[in-house]
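Listed after this line are the structures, all set down as structure tokens.
Look for chain A in each of the two complexes below; its partner is chain B in the first and chain C in the second.
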Partner chain A sequence: MGGKSRGPLTEPMFYVLMSFLKRDMCGTEITEFVERRTGGRVRLGPGTLYTLLGKFQDEKLIEETEVDGRKRTYHLTSKGRSVYQEELDRLRQCVQDADEEELP
Partner chain B sequence: MSTTVIRFTPVSGYDLLGLEGWLAKMAARGLLFSLTAGPFTFFERTEPRAVTVHLECAREKTDQEDEELSALYEESGWEYWGIFRKNFHVFASPVDENLTAHTDRSVLGYAIRRFFRQKLLGGLGLALINFMLLSFYYPGSYTLSVLRYYPAERLSSVLPFFLSLGGLVLTDLAYLHGLGVLLRLSRRVKRDLPLSPAPGSRLSGLAVAAATLLLGIVLVNFCTQLWDYTRPWLSLEDSGFITLTEIEGEDFRLTQDDQLNMSRISHSDTLLSPESWYFQQYGAFPHYEDGTVSLSTVPHLELYVTRYHFAFLAKQRVLEWSYYGGSDQYEILEPAYGLDQVLLLQGEKGAYLILRMDKTVLRADYRGNQDLTNYLEQFAKMIESL
Partner chain C sequence: MTVKKWLPCSMWDFQGLEDWLNEQAANGYALVDWPGFSDIGRIPFEKDPTAPGARYRLEPMDDKGNWKERNELYAQMGWRYVTQIHQLYTVYRCDDPQAPELYTDPESLALTLKKLVKRQRLALILVPLWIAFLLRDGIYQLFTEPAVIPMNIILGADLLLPFTLVLLALIGLEILLPIRRFVLFRRLKSQLAQGMIPKAGKRRYQEPAGFFLSLVLVSFIVFWLVQSVSGRYDFQQLEGPEDWDFPHITLADVLSPAQGLQLEADNGSFQHSWLAPKQYHIYQKGTAVLADGTRQTGFITLRYIRTLSPTLAEMVYRGAVQERLEDFGIYPDINDLNVLHQSVLIFLESREVEHPAFHRLTEILYQFDDEEAPRCVYVGQMGNQVIVLSTSLSQNRQEPLEFLAQQLSHSVP
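Our next item is the complex of A and B:
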């Protein structure tokens, strides 16, 4: 899951990584970002987000920068940015392939 | 009326769907999950509620609330209830709100596989407990081999071992069953099959209940053993025990060796052992360490008394004792003074006397010239006074 060796990212994974591109974020902000960015198309359940944050931390794609009460803020690492970019390139390639192979 | 209700957890602690279903069912009866302690689950009595319960696998074993997780869930409309066996964070939401905790099956699959790997490693800890407990209570191959011939005598030394063995086997089976349930759940997630709360298999719950009972008995027995070691021995004066001096006369000289001339009665009483007493007195003799005297040739009296919980065990013990020296050599005497059985093996320089009064048995090993049958009444009174 994610990266060349892990296969493609799922949509929630992709959007969670995307949420960190411009600034560090906490869980609530990530949920709001994904909701807003996808117009509600991609839903991020609390269990999914919690597991993803733990998984991305384990894989060093994000790192914790601040703990403020119940709020934990995370930062996208260069490895995380690279994984996101790889997935973005893959998706672009998919779209390009689809464009070239136009429907009759 | 107490607001806390305790229930034995009927399904495997690894059965997420089974536990979710059970906790939701309890909530519908007005019992809201509160906490767990070992195999028990504590509930708070409230109004019945129709809820969906979700168990979120903890990243690592914990007894602390994960505040970030709780915040995420609460903002999505879930209510935090507590931690289940350090493994799961428990959340609930009203059934009619139809909330979903996991919106990505591959992420849920990752969480379950991660949890499965943790529990698989936990099995190493379980194996270690198996090894330690069984080695601690292993009674030795000799005891096991003679158990069929001396069941009454050896029972107390093998019971903790067999109870531990039974408890651990059941625990291991429950553990393996739990891993199997986790594997099946992981496959369901991978195949995108529905994950509605299920009644859950009661096999693991039953196995854990039985294991808890067996291992609990072993634990209580261990505590009573510790307590037994610290208990002072009984005073000889107040015990009513027959002494070598009484049999041989006041002029008889006893050894000065404190271990061979006991001034107190050894007394033992634990959960898995019958209550027993031991006493010995030896006559004076040149110290045996100089190698010239064999203890068996020194005038002495040794008394072994055991009180069983059941008369049939006492009868069996009499039979087992009668093997010493050959059962056909014992003379069966007419019971008297309330004794139920009297057996005597009279030799040239001493005697073995075996007595039974209901559930209590006594064996006297005597080296001397007196006739022990003259003291049957005193022995009977002695047994009665115990």
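Our next item is the complex of A and C:
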């Protein structure tokens, strides 16, 4: 699968994929979602966002569903959902490993 | 009012360029535009009271053509498109201090740079191919007549030697610059992918320096072309007897007076270069009455070359042998060029022969199918002197050579 061949997702990649879980999103909505979800810890610059959207489209993790003037809306594909899930499992495993190693 | 400033950074110094634009902005100068490749490294700015509060950022250009869409998205987030730099970067400006950075993580910037690195890799392949195409004749000669190239450089050294050096310098620049650019872009991408923000390079004003270097090289090539077509370095005709003060042979020398000789062509010319200060060329064609009363048309050609040293003479000798072999039909298609003679030229043999007067001597025999006797070309070297002798009239083909050898041995090397 794409997620394993590419290695771990970066934090911005992970949150951009997360933003599509419940509904289709456009660029500004993704930026707002990530900022809200992370409490402002992760802020997506336009260059970062546009580069990731382009990369995800190339890898068929997302697809464009609607173009309304300047507004372009994207949809998470099943491959994108799978890559997100793999990363989530990896992160959960990391947390579990850390918990088990935690000193009493 | 536009103010032009010298560009101090290299084009591949991503961080250095960005820092420089921001420094100019802090001093109240806003970038107007980025000049094309024809510019000399002077970048136009204009006074802008709002510039000190602005941020400038560069974005590596990928090969996608949807810049309009990207610029619109950036504009929504406070980043305005300014210009692009040589298809390498796009320049954006932001006047809103609250707007997020263009790239909030170096990893995404590295992804954008990936395609730029691919383009540079393609340039690494295409540039040598392009150069090979432009120099295809020279490359062909390098394989078929490698000894002829140094000979021609020695004989035309005044122009060919500097021209060859300039040409090699240009080729070196054309090949080394894409390699350097590729390596540095790849290093930058690698640093960004690891989350490291690259440091700005030293400011060495390489762009203006590169322009002036190119200007000097191109000016020289133009000078060379003008000199070549002006005829200054063409052969000069030999006029009076004082011009014939060099070892030579004529048709009259190899024929007894009783045979009579009517010359149809009688040319002597002279050329010089730094490395071969004396270069003579004689061509005579005439009709003689032979001992049995028959008339025969024949010719004699002689090239006499004196170089600065025996080593240079040996290089000329080897080039002359190779050039003659190429000319005289060791390749079958040479007969296609022999239209005027309307007969077939047959290459017989080429061999190095021993001769007491010469350090090296090569005898090349060939024959036209409508002639009874073979013709001969001698290419010889004696010290720093080289001769190329070709004749068809003498019954004894060694006779002109011996005559010439005597003169050579008396000449001062």
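Simple rule for what comes next: the second predicted complex is superposed on the first by the 101 of 104 C-alpha atoms of A that agree within 3 Å, B and C clash if a C-alpha of one lies under 4 Å from a C-alpha of the other, contacts with A are read in each partner's own complex, and residues count from 1 in each chain.
Assume a residue touches a chain if its C-beta (ideal position, glycine included) is under 8 Å from a C-beta of that chain, and two chains touch if they have at least 3 such contacts.
This one's a predicted model, so the numbers in the text were calculated from it and none came from an experiment.
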item	value
Simultaneous placement of chain C and chain B on chain A, clash or fit	clash
First (chain B), second (chain C), both or neither touched by A:80	neither
First (chain B), second (chain C), both or neither touched by A:47	both
Which superposed partner A:55 touches (first chain B, second chain C, both, neither)	both
Partner chain in contact with A:31 - chain B first, chain C second, else both or neither	both
Among 145-153, 163-171, 181-189 or 289-297 on chain C, the segment whose C-alpha atoms clash with chain B after superposition	181-189
Footprint overlap on chain A, comparing chain B with chain C	10-12, 27-28, 31, 43-52, 54-55, 70, 72
Touching residues on chain C, where the partner in the complex is chain A	57, 59, 62, 64, 69-70, 72-74, 76-77, 79, 100-105, 107-109, 111-112
Chain A to chain B touching residues, read off their complex	1, 10-13, 27-28, 31, 43-55, 69-72
Sites on chain B touched by chain A in the complex	54, 56-57, 59, 66-73, 75-76, 78, 99-104, 106-108, 110-111
Interface residues, chain A side, partner chain C - complex	10-12, 27-28, 31, 42-52, 54-55, 70, 72
